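Two complexes are shown next, each including chain A; its partner changes from chain B in the first to chain C in the second.
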Partner chain A sequence: MNVRTDVMLRDPLGQADVSLRPAGLHRWIVARKEWLISERGPVHIFAIVWAVAVLVPVIISVFFSLLRAHGLRIQWNISLHAYRDIIESGRWEVVVRTLTAAAAITAICLIVGFPFALWLAKRAKSEKLIQFVWMALTVPFFLDPSARTLVWRGVLGSTGLVNTALMKLDLIDAPMGWLLFSDFSVYLGLIGPYFPNMVMPIYLAILLIDNDLIQASADLGATPAKTLRSIIIPLAMPGIMAGIIFTFVPVMGDSIVPSILGGGKKEYLADTVMSLSTSMNYAGAAAFATIILLLTGILLGLFLLFRRRAVGPGAVA
Partner chain B sequence: MIAAESFAYKAALREARLIRVAVWVTLIAGFGVTALIYAPVIWLGVLSISVDPLAGLPGAFTMRWYGSLFTSTGWIQPLFISLEVAVIVSVLCMVSAMLVGRALPRLKHGRGLLLGAFLLPLVVPGIVVGIDIFIYYKMFLTFKMGLWSLVLVHFIWAFPFALIGMLVISSRFDVRLLEAAADLGAAPWRRFWDIERPLLMTGVVTAGMFGFMLSLTELPRSIFVAGRTQTLPLFTWAETMSRGSHISLIYCLNTLIAVISVALSVLSVWLLGRRVKS
Partner chain C sequence: MSEVVEIAAALDAVDILHQYSGVTALDHVSLRVQEGEFLTILGPSGSGKTTLLRIIGGFETPVAAQRLSIAGIDVRGLPANHREVATVFQHYALFPHMSVGQNVEYGLKVRGVMPAGRRKRAEEGLRLVRLSDKYDRRIHQLSGGERQRVAFARALVTEPRILLLDEPMGALDEKLRREMQVEVRALQRHLKATFIQVTHSQEEALTMSDRIAVMHRGRIEQLGTPADIFDRPATRFVAAFMGMTNLIDGTVSGIDGKITQLDAAGQLLLGTWTGPRPPALGQPAFAAIHPQRIAIDPSARTGNGWNCFGGQALSAAYRGAHTDIQVSSQIGPLTAAVAGMGISGAVAVSVGWRAEDCAMGPAGELDS
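What follows is the complex of A and B.
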């Protein structure tokens, strides 16, 4: 075995001995080859493809909302026409209604979800039960949104399960019309599917809290309420914020539930985007998409700001 | 003294009772909201076998509607397109989650930025992705929408989940194993194939299953970029919105889709959980 092979065996990438590395163009090629077969290469290539294919379209669409278009033909002059249209046509009401709904649903999910996550992370004893709940919260991500929504019509409609049952029991005389194609039905259809989005991040955040901390707080005489306020909630804050974002944002952008359960009477943001795009007003649709994106960006910005303050600068993991 | 002690005892007792009540309220509310997800799915199954699905309370049951799936065959073509897209997305997810997921935990620079960019679709509503992809590729680049654009938006939706599934496995991978292999003279490809591949296989399989299922049931993004191609969720959605008389058929199809997706997702989560524990 000559000296070179021996060194190659001990140091396959030739990092130790500079004199063993090739020079010039050859060196560049070898470096590229190493980069390609190293773990970094594919990631960088994928990141570039991802940026070009996915992130660029989003930026372009924001720009597009500032243009005017006739059908599929673009007119290349910049105007705020699409945004002025939103205000003049009274469609800003849709924005307000959607934000109200999203905030209410997020609040309900948080109020129910935080104690539930706390129970799941710190109080639930049975390993089987925890697994079962975790599973039950995972499956909704993989359900066809229209499949899980449509059946609410059969439950809430004027000849649906609830009305028929209540009338059979003589509790009401006539079917309650407000059950379906109303804000109520849209809320009901949205709360369930997005509940896991709230519980999961909070659960993971609480799971990371050391039990000793909670025990120490109790040993020092803090009441459970005090421990909750000054130990658990502050430490779970990143999870709570993530839960709020993961619930608020998709609820705000959900197009399927309002179109199936809203009955076209009450329009929501995503409904409007769909109807604008069906009528080929793509600049208007892009303007609404941009508004949704902007609101998401504001929420994310708040989250990052909050996290930096909570963890302290430089300590962001 | 005794009085004070009994006071403290009573206070502790009251506190314990309060906590017990709070736990019960929590559980009832939590499982109640979870039931809002599953009760409709179960009711869907009940309606799919009732003679008159539009009657409030199901009376008689029948398998007739499932039988009519064989005669009214409009759903078969969309099903095959859905399967085609789902298989392509699944393979893309496996390959890309493997390449990115194995390396991301070991990167020295820009790890947070890259992870953020890859997970971004999780916080962008589907409708925004749909309309943005349509505007960019159809209106600016004038590409014809079709299978490829469905694959693209499904991949955008599924990749973050696939990556997370992969990272659960790959962040536990011990890099020293590779160093040891290198010390023993294994070439890069050998190190990858003999050591990383078998250890990361669960992550790859999970990524593939996530990709397959998320693609199979994807609707909000597909609406914008499908062109003339129709997937199964698009088919059932169109039938739903047209208020046609095919409601029993749609209930049957939706039930089948729900049963399959519940089974597949339980399987993949179980697979991932088992691996993480061992």
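What follows is the complex of A and C.
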């Protein structure tokens, strides 16, 4: 075979002729392509997008909280005035109240949600029933949050469903006022929409536990309670922690339920941030946001700590 | 006459009936296993063997059971955690969030054994399966064979009355499987423990067991020693399942002491009756011969007690240790396993086998 046909066979389009395009640019494109399809390429892209979309606003927000503002005039010097203001104006109570409410609602969701998830993952036999449960848990989200929440007024109000029914049955003489525009109604309104957030990750985590492990535990002599404690809960811990975070964080930031069902008597974090920013107290709003961020960060830290302790380093679960 | 003192069997199951949504999984099964015995429940998938094991373990509640006792204790209605049995699961079911040591100690921990005693017994258990140095390892750091050993140690430290093995070799490769068969059998002999194993591998059943129960369609077709099952199948199914690929159907045409004569479409065959009940003249029956018991050109050995037929060798399939030769004979197609390379090409041969190597039993299904 002669040499020229050999080259043509290997490279019929003459791409090997590097002189057709600038060598430097070509090499750069090839390098980028390789980087893009490499294992680390997508991670880098994600990191850049995340930094621009999430990290930058957060940093700006923290920076803003350290400024002092009078109306539209921002004083460009660093101070902790906004934080001092939160303490002096008594607004720190809002933080405590919101935290308490979020913790209580998360606890209620966990206490009810874990057995529910366990039942759904390991006990519910009928496929139709499981589908129905998921429909019941997700369909409310197709409704606008305010519209969904507003319905509670008709149910809990002094002329609402519950009071009217109880009075008609002669069980009470006067309508119960504490049903609406109270802590009770706020808690009730918050549990419903965030309950699936708790159930979903726990359900998935329990579903992934091999039934053989549960049977092996019983086979070795463990009571159902012991199996729950030593096998199911530790193996479901990532799901439990995810459920806690997915419930606690959005409950803390919810502004719709407290404003519709709280009756404006008690302020929650989200309301306060909103009112501070509408009154152009950007530094105050940013300080509040920073506090929320800090608390969330602490929660996440605890989550990782517990997870490591429960599952162990390097465990596959 | 003094009464026979009955020692409680390790397992005494009488008339177990089980159904899954109308389908009968166990059809009035009875099984008695003695202390220190290694019993294998052998059968194809869907034969009910796993269901039986799960019922013994307490993972399944039978529809009806006349008796189900473990070491003399009635376990009907007793949940798995109250039964003195332990299971080695097919995929081991080791707890992934615990170390090897914690896994082995688990059964002791739930029984309230103190940490020091627990540790001592766990280390003993691990020594028994030759994994003494793996106490602190995590499960995912172990190989398949090591995981199986941990599963054995975990089950054995609780000192169960019966150890249940659910296809324990299923997830191992060929070489390791053969090693573990010998090792598990040695362990059982050493501990004098009662093992009940479920498998679909006849080789595993033959090499490991004291007795084998062959299951088919929810019933125990035959219960006997490995030699009984291999050489004296009671039914056509057992014969076929144990590798007697040469099956000939006919009717009983003569009974002479130990020798039974079968008429297969005019050809007469001598064999040994291995069916559950004595044969009757004119009864439809089968004859079964292991391929390795058929001799090609048995010229020197013809005579009394020998079956001999003319035929044509069709093809040879090399199997390593032996060669399978397909023969078209006067009595139908036969397979003969011969040592070495055997013969090649279509040649006229004669085939023969001894009457005692020819098992005979009743045709059709096992009747109750």
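To be clear about the criterion, the second predicted complex is superposed on the first by the 252 of 317 C-alpha atoms of A that agree within 3 Å, B and C clash if a C-alpha of one lies under 4 Å from a C-alpha of the other, contacts with A are read in each partner's own complex, and residues count from 1 in each chain.
Everything that follows uses one rule, which is that contacts are C-beta pairs under 8 Å (C-beta built on N, C-alpha and C of every residue); 3 or more make two chains touch, one makes a residue touch a chain.
Since the structure is predicted, the reported quantities are computational estimates derived from the model, not experimental observations.
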If we overlay the two complexes on their shared chain A, which of chain B and chain C does A:113 touch? Say first, second, both or neither. first
Name the contact category of A:223: first (chain B only), second (chain C only), both, or neither. both
Considering only touches as defined above, state whether A:231 meets chain B (first), chain C (second), both or neither. second
Classify the contacts of A:178 with the two partner chains as first (chain B alone), second (chain C alone), both, or neither. neither
Quick check for you: in the superposed arrangement, does A:212 touch first (chain B), second (chain C), both or neither? second
In the superposed model, does chain B or chain C contact more residues of chain A? B
On chain A, the footprints of chain B and chain C overlap at residues 223-224, 316
Chain B-facing residues of chain A, complex: 9-10, 12-13, 37-40, 42-43, 46-47, 50-51, 53-58, 60-61, 64, 69, 72, 74, 109, 112-113, 115-116, 118-119, 123, 131, 133-152, 154-155, 159-165, 168, 188, 191-193, 195-196, 199, 223-224, 245-246, 249-250, 252-256, 259-260, 270, 273-274, 277, 282, 285-286, 289, 292-293, 296, 300, 316
Help me check something: in the complex, which residues belonging to chain B touch chain A? 15, 19, 22-23, 25-27, 29-30, 32-38, 40-41, 43-44, 47, 53-57, 96, 99-100, 102-104, 106-107, 112, 114, 117-118, 120-129, 131-140, 142, 152, 156, 161, 182-183, 185, 187-189, 213-214, 217, 219-220, 223-224, 233, 236-237, 240-241, 250-251, 253-255, 257-258, 261-262, 264-266, 269-270, 273
Of all residues in chain C, those that touch chain A in their complex: 57-59, 79-82, 85-87, 89, 91, 93-97, 106-107, 110-111, 138, 140, 154-155, 158
Chain C contact footprint on chain A (complex, rising order): 210, 212-213, 215-224, 226, 230-231, 234-235, 310-312, 314-317
